[in-house]
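Some structures are shown below for you to check.
Both complexes below contain subunit A, partnered by subunit B and then by subunit C.
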Partner chain A sequence: MKRVIQWWTEERRAYLLLVLPAVAVYWAVMAFPTVFSFALSLTNYNGGPVFSNPNIKFVGFEHYLRMFRDQYFWISLKNNTLIILVSVFGQIPLGFLFAYVIHRKLVKFRGFFQTIIYLPCVISTIIVGRLWRSFFSPYGPFTEFMQKFQPGWENELFFDPKLAIVPVLFVILWMYTGTYMIIFLANLQKIDPALIEAARIDGATEWQVLTRIMLPSLSGVIVTASILAISGSLKSFDLLFAMTAGNPARRTSVLALYMYDTAFKHSPKYPLANAISVFMVMLSLVLILLVKLTEAKFGGRE
Partner chain B sequence: MLKKSVFFVLVLLLAVSVIVPATLAEEPIKITVLNYFDLTSPGAERELNEVWYEFSVRNPHIIVEREDLFLDAFHQKTEAYAAADMLPDVIYMWPGGRSTSLHTLGLVKDLRPLLGEDAKYYKEAVLAPQAGGYLAQLPSTMTSSHALYVNVALLDSLGLSIPETYEELVAMVPVLKENGLDVILMGAQDDWVIQSCLFSMIVGRLVGDEKLNEILAGEAKFTDPEFVSALEFYAQMYEDGVLNRRIMQTDYAEVNGLFATGRAPFMIDGDWKVGNFLTDVTTGEALIPVDRQHEFKMTIFPAIPGEINKASSSGVVGVGFGMNAKIEAGSAKEAAAWELIKWLQGPEVQKMRLETAGTIPSRIDVTSDNIEPLVVERIRYYEDIAVTTEVLDNIFEGEVYTPINIGLQEIGLGFATPMEVAERTQEAFDAWFARKQQ
Partner chain C sequence: MMKQVKIRKSDFHPVLRAFVYLMALVFTVLTLYPLLWLVISSLKTNTEFQINILGWPQNPTLNNYPTAWRLAKFDTLFLNSLFFTTVSTLVVIGLSLMAGFAFAKLRSKATPFLHGSFIMGILLTLQSIMVPLFLMSVTTGLYDTRLGVLIPYVGMGLPIGVYLCTEFIKSIPDSVVESARIDGASYFRIFASIVAPMAAPVAVTLAILNVSGVWNEFMLINILVSRDALRTLPVGIHKFSGALASDHGRQFAALTIGLVPMVVFYLLFRKQITKGVSAGAIKG
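Up next is the complex of A and B:
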């Protein structure tokens, strides 16, 4: 009894009071659905009551095998990988570059450029998707523009399975680079200007300032941005849904769209959709772990 | 003293006049509705006023809580509701297709007993059993999933006329290309469009419903020569230049403007597309203004070589509203839900839909003298149809027709051969059939 009283201190009560609501909400909306989804992916549950339903049977990893045998899964995974690559190796470096140029005052009209680059982020994704869909339409401005230079040019961008995803990648790069620019810009402002000034007085070049001071100082931010980019890329849905709906012939599909099509389009296949969502979570965790390991090995200190 | 007693009597009367009607009044009944509704369609305002608002005026004791959704958002919500066992009381449904699970899982009631004597007001064909083997929704219309829309004025200007055979259509291709025009427009970025609006008609012509029913019973296969020949004919359309791969990059709504502005003399879609060209009462504008509507015609695809059904089109009884099976039989809620469904397919509403969208009424007592020329044309178009055949997504489950939907796009893009698509479809069918047999 005495030990219980000792454990139930005011500090611990305050701690629990502050932490438990967040833990409960996290468990209810994040952890539980993930675990539950994994459990359902091992059954044949396909709608209707979940509990005390005698028709639900354990089927093991059958749906995962089915998923791996489906060619559209691999197409979606490939497209997701490309989106991750564009996000991590396109949006983040570009975002950093723009932030650096603006922060170091290497251009005039910095406010203008900052606004222009960030603008796509504040427009609804669905509207952006629709706009670009019209732009890339065979009857749209892009086709007309190209035909000015090459009369009779046929807009077949989406018809080559290797190229179909390229317009989408371009839009993703255009749309989200501004987010990373803002993140980097905010963090660049935290670096003590005296440090840079001292380095310049000691004869450091701009390149040395960038590589020896700025980048090491921002390694933590780069990791955070990478995690955001990876998780954001894996859940890519709205832009693609509005722009191509994964078509033609599912060649621009991604895992989230593939899951949506499996779960909600035509006849629902919830167990398979659950398997896809679990795979997405696992993939996300593995990639984030890789980023953390990379940072631990090569990262500097802020 | 007298004044005091008069005062009390007046108060008493006031109290009685407020309390008694309140206790005698019917308890309001709340009905939830999931409605498929395109708020951007020209007839949207009339629909809101003349259908939903009017119902609430006529039935003040029924409170309708309506959720309007359109295209995929609607289907997604329906499946989510069905999966969670939380279907609304009244739900917009197809006779099969993407509503198949509502029918086959018995999630909605058989409406035939509720319809009773009122069945005499409906065309007999629309009351036929649906995907679940019963009348799960009361259809508002008959629908042809295929129609060839023709810009006659454009054809005339080029010295061409509506082709009667496929060969005549192919012969037009060079002329149209020389004039910088497309041959046939389709908004087929979504994969259901080719299957529903074109390929089902081709299957009807070259394969026929009898063979499809044999496939459905497991007595024939998608890989049989008849079905493969239908896929081959579809592939041939690209080779002949009749279809262009652009259709798969064209949005379902984008095609309306393209056709109205003369980008091609032909467009293939369902007969419901007419509604998009009519006058919007809120703006008084139309994609095809009334004075130009006589320049357009609706007909069926020309004769296909080797067809076994001549002048056929694919069609189904149309959409309608069903009732949640969990509503207790004989309850006040059932009566209220049925009142709403009856109203939604009643003569006033069907007349309004005929005027705003050219929807062919499922009732025999609906007509109107306030319809635009394109609606008259839609009604006339049915005279061109000698035989109505099945729409593939109406008779097969999604699991089976999905490989066809995607496969048709793949054939068009050259990613798959007709035989490969037939084999994939058969494989999906075999898996579905084996499960069904268990």
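Up next is the complex of A and C:
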């Protein structure tokens, strides 16, 4: 009895009560579903009660095999890859460029540019998607402009399965470059200005300041930005949902949309949807690990 | 001593300078022109829009606005968005501060594991758990209820919240807590009257992150709710503009109404928002 009392100190009690609400909510809606979805992906569960349901059978990796045979899975994966490429090789360099010229005061109207470039990120993605859908549609300004330059131009952006993803990629590039600009800007401000001043006084050119001082001290941030870009790209859902809904013929689908369609359109296929969700979690982990390994190999100093 | 070394013009190559200005200009036009076109188009009747897509309306009219407001039930949408955003933000801040205080200042062997689980959550893409969340909400009977939306919203805000609060409270000197202990204050008292007030800056950052996240959230609420009465702005606007896709004037009026709150919020709290975004972008 004595030992129990000693163990159950006020500190332990306080710790438990302070931590419990956050842990309970977080584990219930974030951690548990991840595990739950893996468990369900190995069964034939397709609605109805989950517990003591005699019809639920263990089917192993059947749904994963089905997923890999589905052409829409590959189309979605390809589009996600394109979005990752646009993010890592488009948004990040452009975001850095803007942050650099704003930080080094190389352009005028800095406050204005900064405000405008970040603006798209604060607007609801649904509204952005609907707006650009109208913008690129046959009755939108884009068609009008093209027809001014090229009379008789037919707008097939939303009908041609090969072209349909291009406006989406374009909007994604425009939309999120501001986020990376803000992140780089905040970290550039952490570099000691005296360091740059000293280098300049010693005769370093602006190019040397950029490549020898700024980029090396930002290498960790670039890794963080890449991780954000990858996990952000796998999150693409709202924009596509509002802009194309995956069409034409599901050619602009992404994994999240593919999963949504599988689960909620026509007759529900929950097991397959769960397999897709597990695949997405794994893919995200693997990609993040790859970025980490690349960092370890080429080692930035920080 | 010079304050800042002047950058000589020759240092920044004119071609590069032109390129930077061009890019900045392109981004500005891409942001402002569609918005301008949206607002102008919302002042046109449907008939006029069809013959005059780009120009200023001959007879500008505000009639689309009241109609769109009524048809899309904007008062319900606004109230719901306000409700979910306010409640989830307050709860996230409260729970994050509590857990952050415990992780930062109380000794426990469970901390590395529990704290680590929240860090994992920062990397978790919410999109990948939408199907299990839907199945869970149906199973527990929380489907189509306010609580069924609030709980995931809180859970989704917690990882970054717990991380930021733990880091912030760690920076408060241990001696503050210790001396209060010697004076006989309980841990809850120390939390409520010393630590929580000191953590106001991180609470502001967290509020900014959470408000912009929840206000614009679409995917989860679209899956977890089907009743009209529980819809928020993004869901309502999406349903409305889908149903009235060919009713351009009203659709554009609805989009404009939906745009205003976030743009105003952004212009008012520009500094805090950008600070919050860079604080939220932590190393994975």
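Definition applied: the second predicted complex is superposed on the first by the 272 of 302 C-alpha atoms of A that agree within 3 Å, B and C clash if a C-alpha of one lies under 4 Å from a C-alpha of the other, contacts with A are read in each partner's own complex, and residues count from 1 in each chain.
The definition used in the following text is that contacts are C-beta pairs under 8 Å (C-beta built on N, C-alpha and C of every residue); 3 or more make two chains touch, one makes a residue touch a chain.
Since we're looking at a predicted model, the values are computed, not measured.
Asks: Is A:V107 touching the first partner subunit B, the second partner subunit C, both, or neither of them?
Replies: Only subunit C; A:V107 stays clear of subunit B.
Asks: A:Y139 contacts which: subunit B (first), subunit C (second), both, neither?
Replies: It touches subunit B and subunit C both.
Asks: Who does A:F158 touch here: subunit B (first), subunit C (second), both, or neither?
Replies: In the superposition, A:F158 contacts subunit B only.
Asks: A:L290 contacts which: subunit B (first), subunit C (second), both, neither?
Replies: In the superposition, A:L290 touches no partner, neither subunit B nor subunit C.
Asks: Touching A:F237 in the superposition: subunit B (first), subunit C (second), both, neither?
Replies: second
Asks: Comparing subunit C with subunit B, which touches more residues belonging to subunit A?
Replies: Counting contacted residues of subunit A, the larger count belongs to C.
Asks: Touching A:L65 in the superposition: subunit B (first), subunit C (second), both, neither?
Replies: neither
Asks: Does subunit B (first) or subunit C (second) touch A:L195, or do both, or does neither?
Replies: In the superposed model, A:L195 contacts neither subunit B nor subunit C.
Asks: Would you sort A:N187 into first (subunit B), second (subunit C), both or neither based on which partner it touches?
Replies: Second partner only.
Asks: Applying the touch criterion given at the start, work out whether A:Y270 contacts subunit B, subunit C, both or neither, answering first, second, both or neither.
Replies: Both partners, subunit B and subunit C.
Asks: Output the subunit A positions appearing in both contact lists, the one against subunit B and the one against subunit C.
Replies: 49, 134, 139, 260, 263-264, 270
Asks: Would you mind writing out the residues of subunit A in touch with subunit C in their complex?
Replies: 10-12, 14-15, 17-19, 21-23, 25-34, 36-37, 40, 49-50, 94, 97-98, 101, 104-107, 112-127, 130-132, 134-135, 139-141, 144, 174, 177, 179, 182-183, 185-187, 193, 197, 200-201, 205-207, 220, 223-225, 227-228, 231, 234-235, 237-238, 241-242, 256, 259-260, 263-264, 270, 273-274, 276-278, 280-281, 284-285, 288, 292
Asks: Under the touch definition given earlier, write down the residues of subunit B that touch subunit A in their complex.
Replies: Touching subunit A: residues 72, 75-76, 79-80, 82-83, 85, 98, 100-101, 105, 189-191, 245-246, 248-251, 254, 258, 263, 393, 397-399, 401-402, 405-406, 409-410, 412-413, 415 of subunit B.
Asks: Hey, which residues of subunit A end up touching subunit B in the complex?
Replies: Against subunit B, the touching part of subunit A is residues 47-49, 72, 133-134, 136-139, 155-156, 158-159, 161, 244-245, 247-251, 260, 263-270.
Asks: Under the touch definition given earlier, write down the residues of subunit C that touch subunit A in their complex.
Replies: Those residues of subunit C that touch subunit A are 2, 4-5, 7, 11-12, 17, 20-21, 23-24, 27-28, 30-35, 37-38, 49-50, 53-54, 95-96, 98-99, 101-103, 106-108, 110, 114, 117-118, 120-121, 123-136, 139, 151-152, 154-156, 158-159, 162, 186-188, 191, 212, 215-216, 218-219, 223, 233-234, 237-238, 241, 248, 251-252, 255, 258-259, 262-263, 265-267, 270, 273-275, 277-278, 281-284.
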